[in-house]
Each structure stands twice: as C-alpha cells, then as structure tokens.
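Take this structure first; my questions come after.
Each chain carries a letter (A, B and C) given by its place in the written order, and its residues are counted from 1.
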Amino acid sequence: MSDQTLSGASSSDMPIRRANWFARLIYRSEAARGFALLSPTLVFMLVALLVPFMILVVMSLWTAVGFDFDTTLTTNNYQQAAERPIYGALLTRSLWISGIATVVTVVVCYPMAYYVAFHVHRNKMLWLVFMTLPFWTSYLLRVFAWKVVLGYEGVINSALMTIGLIETPLEFLLYSKEAVIITLAHAWAAFAILPMYVSLEKIDKSLLEAATDLGDGPVMRFLRITLPLSLPGVISASLLIFIPTTGDYITPALLGGPDGAMIGNLIQKQFGPINNWPMGAALSIILMLVIAVICVVFILLTNFVRRRIS
Amino acid sequence: MSSESYIRRPNRPLQVYAIVFLIVLYVPVLFIPLFSFNDSIYVRFPLEGFTVKWYVELFHREAVWNAFMNSVKVGAVVSVLSTALGIFGAKAITRYRFPGRGPLVGFIMLPLVVPLIIFGVALLVLFSQMGVPLSLYTVTIGHMIVCLPFSIATLLPRFEGFDPSLEEASADLGENAWWTFWRVTLPMVFPGVIASLMLCFTVSFDEFIMAFFLTGTQPTLPMYIWGQLRFPQEFPSVLALSSFIIAASFAIVFVGLWINRGAHVSTIKGD
Amino acid sequence: MTSDAFISIRNVDKFFGKFQAIDDVSIDIGHGEFFSLLGSSGCGKTTLLRMLAGFESPSSGEIYIDGQPMSEVPPHMRPVNMVFQSYAIFPHLDVRDNIAYGLRKQKLPKAKRDEMVDEMLELIKLPGYGDRKANELSGGQRQRIALARALILRPKVLLLDEPLGALDKQLREQMQLELRDLQRTVGITFVFVTHDQEEALTLSDRIAVMSEGRVLQMDSPTGLYERPSSRRVASFIGTMNFFDGTVSGVNGTSVEVAAEGLGTLRLDRRETAVAEGDKVQVAIRPEKLGISDSRPEGEGGRIEGTLENSAYLGERSHHYVRLDGLEKPVAVSAQNKENAIATADRARPIWLSWNEESLVLLAGD
C-alpha cells in the first residue's frame, strides 16, 4: 500500500472512562442486559396478563350476591359447574366442535402448505402473503361473511332457490354445529398453513431424492419421509387452532344458535345478562385447565407415537 | 438447480387444489362487498341492481365517524406501543442468553393461542376491582396484549436475519447503545418495524372480543357493527361498512407483509 | 504488569457456563507489534480477541491497554478497533458513510471528513469507490473498507478476526502483503487471529499458539518453527518427524539421546530441562533432512533406509523413507535441483543425513 502517513483525526486519543455501577453491571452481565431489554415488555405482560388472571382465580372462589360479591373463599362455583349438566355439556360440545374444526382445517390446509413448499418456485412470497392475508383481517367480519353465505335467505339458499333446485330454504345451514365447524375451519385456515409450511419448507430436498433413490415411490416417500418430518408443523398447527377455537365466542354467537352454542357464550353470559361474575371466572379457569390438560396429553401422545415410529 | 428435477416436477392435481383453496378462502368474504352494492335490504339472490346509496348513507352517519375515529385512535396508539415494546423484546430474545428465556418468551406469546375471551374477562375483572372505568384506554390495553405477540413474531426474523457483528462493529467504532440503535439496528430492522406497525394497527382496528368486554361508552368500529347486527333494516349499511373495513385491512396488511417479505432471508451475509 | 508492554493480558480466565474458553492466559504485546493468535477453531483465540475489543469480559484476570485496566470499559470507549470476520460492512450505508461511521462524535466539518475518507480510500487503493453500496463490493473490497473504517479512527490497537479467511487463495496472498505494509505504514499494534499457520508465519512479529483455551507457546515465527517447545506446537506448525528416545547422558547444554530408528544422537537441549533416563522426543523438519543415493560425507548424522514412496510437487518432492525399527516412514522434503534423486517407482535403499543443530529435543509426552 502507499507510503503516505495518516494525517488523521485531531482527537486521536479516545477518552477512556469508567462507567457507573449500573452501566458496569449491564456491561459485565449478558443476562442483565437481556433482562433489562426485555423488562418493559415483561412488566407490561405481568401487569396486563398475569395479575388479572390471578384476580380471576380469586374471584372464581367468590359468590355473587345480587350486584355484589360475597368474598369468602369457597369452591361452590366449581361444584356447581361439576354438578349442573349444562356446563359439562357445553364444555364437551365446545371441545368436540373445535376438535373437528381442527382436524378439518389441518387436513384441508396440509396439501396447500405442501404445494407452496414444494411446487411453487417463483413468487413464493406472493403465495404466502395471499394465504395468510385473511388471517390478519377482521375475524368478526369473516364470520359475518359466513352468516351472509349460510343465512336463511343467504347466498346458498337464495342461489339454490333461484336456480330452482330447492323450494324452501335449507334450515340446517345456519344455527347448527356444522355451520360453526365450517366457519371455524375457514377462519383459521390461514393461521394453520404457516407452521405446516415452515416445517415442510425446512425438509432437505436431498432426503426426498435419497428416498427415491433407495426405491420409494411417491406415496411411500411421502409417508416415510415428508409426513414424519413435517409432523412438528402439523402438531403446532393443531394446537394453534384447537386452543383458541375452544373458547371462541363470535362464531357460535353469530352462527351457532342454540344447538351450536359453546362455552365461550356461557362465559360471556355470566359477565353479561346473568351477571354472575364469579361463576364466569370459574368457567374461564375450568376452560383454561381443560385446554391445558388436553394439550399436554396431546403433546405426550404425539411424542410417544413419534418415538414408536422412529 | 433445475426446478424441473424429479422431486419438484409439476403436480397438476395439487395445483388445481391450491387454486380452489385460494378461491374458497376469499370468496365468502367477497360476498360482503358484492351485496353492499345491491339495491335491496335483503341479502339474497338474485341481485336487484347496483347502488352506492348504502355507502352514501353511512358517510352521513355521525355515529360511524365517531366509531371510526375511536378505532383509529386506539389502533395508532396500540401499534406504536406494541411495536416499541416488540423491538425491545425481539432484540433481547435474539441477542442475549439469559436464564428463563424460553419460558418467558412462551409467556409473552401466550395470547397468540389462549382464547382471548379469558384475557378479556380477566382484564374486565381487574379494571372493575380497581375501580377503573371502561374506556378507550382499557380497550387499548386489551389490544396491546393481543398485538404484542404479533409484533415480536414479526420482528424476530428481522433481528435473527442480521449479523450481530454489525451492532458490535458500531460499538467498536465508538457508538454507545443508544446511537448504535439509531444508526444500525433500526435501519436494519426497519421493514419489520413498518410491517409490525401496520399489522398491529389492523389487528387492533379489527379486533372484537377484547373490545366487547372492555369498551365503555365509546364504541370501536367492530363494536358499532356488532350493535347494528340486531337490526335487520341496518343489514345493507353494515355490509357497506364491513366492505370498507375489509378493503382497508386487506390493503394495509398486504403492504405490511410485502414490505417485510425478505424477513426470512438474510439480507446481510450474502451478496 | 511489565512496563514496556502495550497490551497486557494478565491471568485471564473465561467461562461460558461450565465451559472454560480461556484458561489462565497471560500475554504481553509490545507497541507497534504485529501479534498473531494462532490455533484451530474453538481454541479460544477469537474469545480472547473479543475480550480485547470488549465484547466479552474476563471471568477473572485483567486486561490492560496502554496501562489502563479494561474490564470495566465498554467496547465503544476502548482505544481499539476491530476488523470483523464477516467484515460487518453496514449494508444500508455506502462506502463513504461506512468509513466515516466512527467520526460522528468528532463533529468535523463535512469537508474535513470527506478529505479524511478520501485519504483512507487512497490508502486502501479504492479511490473513487466512495459512492458504492455495500452489496456492490467484492470480498476483498469489503475487507479493505473494514480496515479503512477502523483505521480512520487512529486506534491504538487494531484487532483482526480472521480477516482473510473468506478470500480465495490468490487474493489472500496479495492481501497478506498489503496488510503487512499497511501495518508498517500506520505503525500501530495489530492483533491478528487466524487458524492458518502459514498466514501467521508470513505476517507476524510474534505468534501465540493456542489450544483448548491455553497458550502453548509464544515466540517469533522462526522461533516457533525452528524451536517448538512441544510436540503439539511442532505438529501444528508445518510437518515434523518425531522419534521417541531416552536421555542417555547430560553434559551442560549438550544431551545424548538414544533415539529409536536414528541411534545415538548428540544435541543441544536449549531450554528443555532433562535428566538422564528421561523419555524424550527428537524432532526434525522434513526439509532439514538430506537425501542421497550414496553415503553422504562430512559432519552430522546419517543413516540408511528404504525409499518407499515419493510425491513429485514440481519445485520439490516429498519422499517417505522407512527406517529399521520405526512404524511410520520418515518424511523428507527435497528441492528438485539438478542433483535431485529420482522418485521411487519401487522400494530402494537410500541415505538420510542431518545437521545436529536441526534436531529439536522435546520433553516426552
């Protein structure tokens, strides 16, 4: 390089300063830096999430007396929930409806995720955006759209009648379990695709070529390589749909009618018209616990199955 | 690499399936704008003629404007605050090892999966016990719970996608944490920040369940729609309002996702 | 600490959880020295460099730069600058803004700043590149800009983390020369991390060979090559033939060793402490061995063996010679002068010869 010397900055000596104790702690400890940075988010979540939840737990042990609460702690609400059949029936129905909706969504979305992961080469991002776009937009309006489609004088009925296929509107379309399942599956499809797409996309394509090379046809290759390797995505997609839909309120409220009502509607009623907040709190806690138990069982089961396979 | 290799050769039935899938995904929603231009208060075939009167009528309704402004205010505050917290959170999660990181991240991401009705009633209980009256502020707090996980999930790949030695280089060249953030970190994650702002705004703008439990006397736009659903004669104007919200949401989200499209590709390391 | 050392690393340990990355390392580096940390990946060399830069702090021990303890000085306040392995060129800035990045605090007028940047561009031989974007640059250009960006701040120490690792062989050799020139020009201390022993030998005034968080040996390139202190250093740098042996007599610094395959040798023990009866190793570089078809005359040792295998490399050939009583053949590297021996097409008798000064005594391990 050239012989010229550096006629550099005038203040060539950088000041060497010692920091105060706080800066020193932050600088010396990586964990301290991490916590410091995460703390605003964490504090917010603690105050807005954990604290209310704890109060909810406490309230579930109270009793409603008119418009006031009897704050002596009792498990009355839980006993009632266990004894009165309506609660159990609604909870079972909620789990059943969202279970079926979950299976439907995963089964319908898997080929789509597979297609985009393996067969879309150009404009992949555009496909992904179009697949997930509806998820970000109003859940209320997407459910409302199904009310328009399935309604007594809605799109399907009026279209069928215009063509002359039916004389009177099909009544089972709206206000039924089926309507709720269809709507839930449709509304959560965009959410289900992403985790499955990600796990499919991660599969090393040379594994598939190796399987083919070793004599597997397309079907065996799919069953022996692709499906097992994408299982984590399928599992997280299932959980991501099952958990929130179990407590869904909007869909059963708009489309469920009496036959399609779910536990979420009952919880809302306790805080609304029935005005028994402690009971509503207890139902919320029960819902959380039931979901948690089912998820743990589901995860343990899939882990067990996966270990048996491999 | 050839796109026509054995594994990747075109699969015609799957392609048809994918196109049908997309159509089914969008068509139900598209009936809303379709009927919003229909000259009838009944939502049914056959269509009776084109009109924009439902939109015109909406435009002159003060309650709609109030609800709209409420939603915009809440959405703006929520998106800015959630994104700010999301930037801190995403940086902490990607850059530092600290004990309990995994469970803490799981905790922050909880609202993504737990039924929102539970958080809604929990917050309602908290506010009522503290004697806080329900207002747009309480809705804002509820929406931040919903949006924070989305913000972090949007920003995480951005932080993961850029070489940590860029920030180290900045420190090495004499900039403290504050200036490093403004001169290096923020420009690097900027598409993610914009996307987070837009997505959080839309999620808040469209959110119903939290608002349902936490709204006081001033309704947000989805709450307004919910109130109108009881009146059959209001159905066409609800359709018009919904069409507007859907169009705006799709546009904002599309732009947001598109700006952030390179998130999973490292834009730094390779040429 | 020693008064003339410019950087002084004192008994530094570094733990990541339970893993000890640095184990009681002490190094003094002089002013204006080109100092290399050499070792395979995971030996702790990069961790040590990052501690000098301030990105990691020692678990115990202290680092002094220019007499100042550094453990509580954050990276942005240290009088050192670094060239990163990935170069860390800011992709959202052009070349000019990259180079001027660290000048913000000095609040220079724009003209002065531009002048300094132009000077740096001149120095790194990229004049006129100021307006390029980072993604329009080749690996070699990025490397130079990373250098310029650090040097414009006139650091007291420049830290380089495998800066040539990402370049192809030809460019790497050219950059080695330029780097050495640059260091002489600017006259500041360079601390250089590399896993490439040839690179370290070419560039450095002194080298510390590291393994498993410890410094095995610290010496000049010649010292390391000619007088390795252990078998690990000897085999890490270049190729070496080793012979097991036993000390049969000590007389001042002169030692007599009965070495397997070579017989009784007399050699200088230098700094190696040995007593009679110790198990030791005798080592010799392949190029220090003479090879000839007939019995060589003159001073030094000689032995007859069997030429088993040869590899012709153009300017030199590698021969592998089997000696009685040894499992491994001895490697010989001979220049292909006009009197070079023919390569082996089948095994044939051959003579090896050496000077006693070329033999290195290593304590047995």
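Throughout what follows, a contact is a pair of C-beta atoms (placed from the backbone, for glycine too) under 8 Å apart; a residue touches a chain by one contact, two chains touch by 3 or more.
Remember, it's a predicted structure, so these values are computed and weren't measured experimentally.
Counting only chains that touch, the fewest steps needed to get from subunit A to subunit B is 1.
Seen from the Cα centre of subunit B, the chain whose own Cα centre is farthest off is C.
Chain centres here are Cα means. That of subunit A falls 15 Å from that of subunit B. Per-chain Cα centroids separate subunit B from subunit C by 55 Å. Residue positions 174 of subunit B each touch two or more of the other chains.
Residue positions 14 of subunit A are each in touch with at least two other chains. Within subunit C, the positions touching two or more other chains are listed as 74, 77-78, 153. If you check the complex, the residues on subunit B that touch subunit A are 3, 5-8, 10-11, 14-15, 17-18, 21-22, 24-26, 28-29, 31-32, 35, 42-46, 85-86, 88-89, 91-93, 95-99, 101, 104, 107-108, 110-119, 121-126, 129, 141, 144-145, 148, 152, 174, 199, 202-203, 205-209, 212-213, 222, 225-226, 229, 238-239, 242, 245-246, 249-250, 253-254, 257-258, 261.
Across the interface of their complex, subunit C is touched by residues 163, 165-166, 168-176, 179-180, 183-184, 187-188, 267-269, 271 of subunit B.
If you check the complex, the residues on subunit A that touch subunit B are 14, 30-35, 37-38, 40-42, 44-45, 48-49, 51-53, 55-56, 59, 108, 111-112, 114-116, 118-119, 121, 125, 129-134, 136-142, 144-146, 148-149, 151, 153-155, 157-159, 161-162, 186, 189-190, 205, 208-209, 212, 239-240, 243-250, 254, 264, 267-268, 271, 277, 280-281, 284, 287-288, 291. By the touch criterion given at the top, residues 53-55, 74-78, 80-82, 84-86, 88, 90-92, 101-102, 104-105, 135, 149-150, 153 of subunit C touch subunit B in their complex.
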